[in-house]
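Below are two complexes that have chain A in common, paired first with chain B and then with chain C.
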Partner chain A sequence: MTASSKTMDQKMAAAEAKRKKRMKKKPTTMAGETWHRFKKNKLAYIGMWYLIAMVVIAILAPVIAPYGMDDQNADAILLTPNADHWFGTDNFGRDILSRILYGSRISLMVGFATVVFSMTIGVVLGALAAYYQKLDNVMMRIVDIIGGIPQMLLAMAIAASLGSGLRNMMIAVIISTIPQYARITRSSVLTIKESEYVEAAKSIGASDGHIIFQHILPNVMSPIIVQSTLGVANAIMASATLSFMGLGIQPPSPEWGAMLAAGRVYLRDYPHMCIIPGVALLLISYALNVLGDGFRDAFDPRLKN
Partner chain B sequence: MSENILEVQDLVVRYDTDFESVHAVNGISFHLERKQTLGLVGETGAGKTTTAMALMRLIPSPPGRIINGQILLDGQDIMTISEKEMRQIRGRKISMIFQDPMTALNPVLPVGDQIMEVVQLHNKGMSKAEATRQAMRMLEMVGITAERFKEYPHQFSGGMKQRVVIAIALACSPELLIADEPTTALDVTIQAQVLDMMRKLKDELGTSMILITHDLGVVAEACDVVAIMYAGEIVEYGTLEQIIERKKHPYTIGLFDSIPDLDTDVHRLKAISGLMPDPSNLPEGCKFHPRCPFCTEACKTGEVPVAEVEPGHLVKCLQFAERGQEA
Partner chain C sequence: MKTKRFLAMLLAVVTILGCLAGCASSNGGGGNNTLDPGADIGEIRSSKDTLIVGTPQDPANFDPNDNAIQMVWAFKKNIYETLVTLDNEGNIVPMLAESWEYSDDYMELTFHLRQGVIFHNGEEMTAEDVLFSYQRASEMANASPSFTMVDWDNTRIVDEYTIVIATKQVYMPQLNYLAFPLTAIFSKKAYEESGGDFFKAPIGTGPYKVANYISGDTYELEAHDQYWEEGKPYIQHVIFRVITEATNRTIELETGGVDLIYEAPASDIERLSSNEDVVVYRDTSLNTNFILFRCDHAPFDNQLLRQAVAYAVDIPTAIETAYKGTGVVATGWCSPSISGYADIGVYEQDLDKARELMAEAGYPDGFSCTLYTDTTAERRDLAEILQNQLGEIGIDCKVESMEPVAYQGMYARGEHDFMLYGLTITTAEGDKAFRWWHSENTMGQQFDAWSDPEYDALLDEAAATIDEDARNELYRQAQEMLKEACVVIPTVHREILSAASASLMGFENDLGYESPLLKNCYFA
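Entry: the complex of A and B
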């Protein structure tokens, strides 16, 4: 009787130890918890790895591209995908795979750089407007005026007036996307600044700058991160659109939008010239969108699962 | 070093909106000796928190404005100094414990960082390691192991969070601590613990305290001097003994009568009839007259003078003003 119950106890203890071993260490930081929730969203997880892969490809483009980005080969014009040219060649006999790989550098750089700039400017404007009531009306009305113009139209107008080229295209995209960040930041800051811990921070003698940067902005980061992830996709599409219309990057630079524009003439007979850069744009934009959705769910602890 | 850590003279605070002006605090005066605890007692809306905010100069403006009054903190007039100098005082000389510990801590920062913050704000030259040590000492002091330094507020219970808030408030050994209903959001068993700890720390650090509460039990346990507030005025002011044993003002009597007695069996609790007047539309004369059982015609008009019924025991009621004149 006692012997059998003892073995029972031992069995249970062993099972418990096994279970404990399998259990992962509980994340203790907020980033750790968010990461844990994020990983459960498989689609977003795949999107993240796709994005990382694209960044690696962009960095390593000169190493892994089989041909130079504008090596023309008169003997291999308008080839459909084959063993030598996986993605085929274009009307100048340039290897489309190589051009796509090089093009990822431009698209990613434009996407991330414009978002960094427009997010920084937008967040600062939004935070100041929300924190200092006197600035609010003036600043947000200016933002409203910019935001009232359709984004693509504004970007086109700015790019057209500044002239084409990488830098001007980026300026156009930056200016046209500032309002979204300013609005999101302002509305979040307005809620957070009434919270008691901000009052508590005042009561220990913290200055306005300290309160904004140490207490308010970390609390409004999650909607901004989500918006900027989606914003990268948005900026890549906007720059591709500008290049497609000839307002952005000029040939022979291998920009995806410019490649689409070049292939348009051959769409009927050689559709691969348009399909391939189109799919590249679609995939990166889709990856960034699911990643943004994944972040949004991960940042919201109420959707715990 | 003056004898009184705090002297308040004729403090008037008003919230002006386009439609009405709310008379939140109407000419209160009091003083607090070093190392003593003043209990500020009154119903919701009596102006207790506004008074505390005025002492910190944190009245939200607009719409709030300190219309009149002088606040001497350790002999220094804090109404005339610049905002920058005031920031130096907040957290170092005078600090505050908020009512709800659930919301008074920043959810995205570890508690240790939040204690370090106040230490670093007021000791500019201090190294990070030294600030960390000081913050850990504070955590230990309020009865939380230093291992929990890196944990976030949501990992603490309500009582523990309040301990963290107290640690933040006391981290720079302030001379005056304002505790705004520090135990209201806690359950009764934790209340006693927290109060006990606050009293102990206060004695250790030699801090004076203003304890805002509507819980007369807390007052009896923790205060040396008591001020009863009603509609933005102090209606009775005296030592704990004077207030509990020889209360004079009808409102104070009403407050104490509304506490149930263990020995007598009653069906209904005795309440003061009526409601606190609307602070944007205060009655003429004595603010308490519409609810006062001893109200006379004279109470309904004119200002009510403050009478000193015994040394240090002030009552703002006509009954005693007349008697004071006769005597």
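Entry: the complex of A and C
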């Protein structure tokens, strides 16, 4: 009896300890659980740290860059990578490493800023369209018209008509990516707005704004966050493409796409001029892609394990 | 899934690097082949009967009077010919006209046409065709500058092979203007039958006629077997391939995809010169590239600021870097090969002087401006270097590079503060070289909006001066004025860069129009 009750106590204590341990390991908040699932994805985790490192580099560029971004030197033209110039120099004798470091500022800024704008506009449009059925047809058809044009073509047309330059390039990328966010938001909101808690909110007389912003949007955020992470990579590539074609940032700004374009003339004799900005673009967009994948898996518990 | 994607990306990178590594090697040694061009042998047999030309420019249409772009003429000159033409020494030589003479008062120019010149449609060319071609040309924007001084009331046909061109006043440059490729002669009958659509009937007298074409891609020409010059052309078929990307033209030539390329990129000249299978043709052209100021709005409506820019930039260094050792740093306001050129010296870098001028103009700390350029690699590079140099004395210069069509629209509207552009003086004489800055410039393009009645008077007087020395003295004074007012800053006399397979003989760059004749070419 004693023995058995003791074992029972021990068993219970062990179970309690185990539960506590599990509680500690497995957070109960939504964000905590998501983070926990996210961390399990090693590739996404590395992608995140790469991105953080790039942001730090971008902020510190003027401090860590060995040369200025437009320090031309007629005596050091087209050098291949060496001790003085780790990434070599370009056709004006400018240090490519320094330009890559400064260029990360432009790429990241363009990437994040355009996504913030196009996401905000797209989400609001999508949510309104889904919530107010009368608006739906008109708004979504407009979005469809914009979305029907291939994104890059639209961006090119906008950039060409507005003229080149950083601001116009960003406007071009923003407009051309709005439809993606509007569509995703709309389809998510359409499912959510039929749910009981929305009806409950309605029945106690909550205003539309309150329902949309307090009840609906927080519940449709995960696909939007995933889309926007991928969207940053997309925006960086789109702006690089525009700059490559001469529709984006103008010299001497060290935009990576523009650096690629400038280097392509020398591709056969001095491939480092293209390889280095090319790899920089590849890495950042890969990092953002795996990060986006990681978020998607983490947000969706059904995909877990 | 994720691993797969990573592998795919890795594979892509490896492939790209592999390709690059493959391209980077294979650079043969050896010097430049020298040739005996234009060999004047009676019996020339081409060992190959098709010549493939890589050209940067789509000719767009077959209209003999349209388009001011040299590379378009380089195509059309095979189909259409002019009464007279310019040789590489800058002399006017016969083409469709055998001889010509001035009337005693120099108001009339009589041409004696070559007899037995047969159009592609088999009909003979007569004075009727010449007059008709000229009248049409005078109504076409790009060709009309050649005819502004023609007095149509007194211009007349004397007989089948004689035509008199009258001018409104004594106008010595007229003969040179008639060597301009856009004044080419076409068949009046064919034009009327085609309803004016030259896409249907490009009927000229040239050594080649159009056989087939895919717009924007390839243009196939076939020898005109009734061509007036005995035995020519030597090569039966010529195919123009439009290859806009400069590096691709080089690669095509190296791999044998084309036999001849126009506008070889400066960055590839070294590589091509060291290739034994390729001959590079380099000649200084009649072209001068300029920094052109727009003088009717701030900041460059102020002469002091224009001069400040001229003193702030180091043109020789900039040219060396941007043009990679090709071209000649400009020594004056036109190419030295042009009659009327005066050696009056150019501005040289002097930063103190530049700062002084800026202070005097009321901008001691600098000002902002926008420099426009088209997308030519060399010009874009030059713009970036100038931007950097101007930055050193506090001039905040933005660079805007535009596609050619947008570029033309921009400067036609006069939106630029200053811009980069080149002018090829196709008549090889002073009137055309300096008339660009005349306030009633009839060239169809206006860059400067600068006007000085004294300058206008000088040019008008020069054009009517028969004595060459007296005329050149007037041109010298005009150049002094241009220098003082600093309307433009000359940068470089560009080099014409062509490259061909070593087996191609008889090829020569064309200095006047940069549009070489292919009728003398043959394969050894």
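Here is the rule we use: the second predicted complex is superposed on the first by the 278 of 305 C-alpha atoms of A that agree within 3 Å, B and C clash if a C-alpha of one lies under 4 Å from a C-alpha of the other, contacts with A are read in each partner's own complex, and residues count from 1 in each chain.
The working rule: contacts are C-beta pairs under 8 Å (C-beta built on N, C-alpha and C of every residue); 3 or more make two chains touch, one makes a residue touch a chain.
Predicted model, so just to flag it, every value in this text is computed and none were measured.
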Superposition on chain A - do chain B and chain C clash or fit: fit
Partner chain(s) touched by A:L43 [first = chain B, second = chain C, both, neither]: second
Touched partner set for A:A200, first chain B, second chain C, both or neither: first
First (chain B), second (chain C), both or neither touched by A:P252: second
Contacts of A:D269 with chain B and chain C, given as first, second, both or neither: second
Which of chain B and chain C A:Q214 touches, first, second, both or neither: first
Partner touching more residues of chain A, whether chain B or chain C: C
Which superposed partner A:I77 touches (first chain B, second chain C, both, neither): second
Superposition-derived minimum Cα distance between chain C and chain B (Å): 29
Residues of chain A at both interfaces, chain B in one complex, chain C in the other: none
For the chain A and chain C complex, residues of the former touching the latter: 43, 70, 72, 74, 77, 91-93, 160, 163-164, 246, 250-252, 264-269, 271, 274-275, 278-279, 282, 286, 289-290, 293
Partner chain B, residues of chain A touching it in the complex: 28-30, 195-197, 199-207, 210, 214-215, 218-219, 221
Touch list for chain C against partner chain A, complex: 2, 5-6, 9, 13, 16-17, 20-21, 23-24, 246-247, 251, 265, 267, 271, 317, 320-321, 375, 377, 380-381, 383-385, 387-388, 391, 398-403, 406
Chain B - residues contacting chain A, complex: 56, 58, 86-92, 95-96, 98, 100, 103-109, 117-118, 121-122, 150-152, 165, 168-169
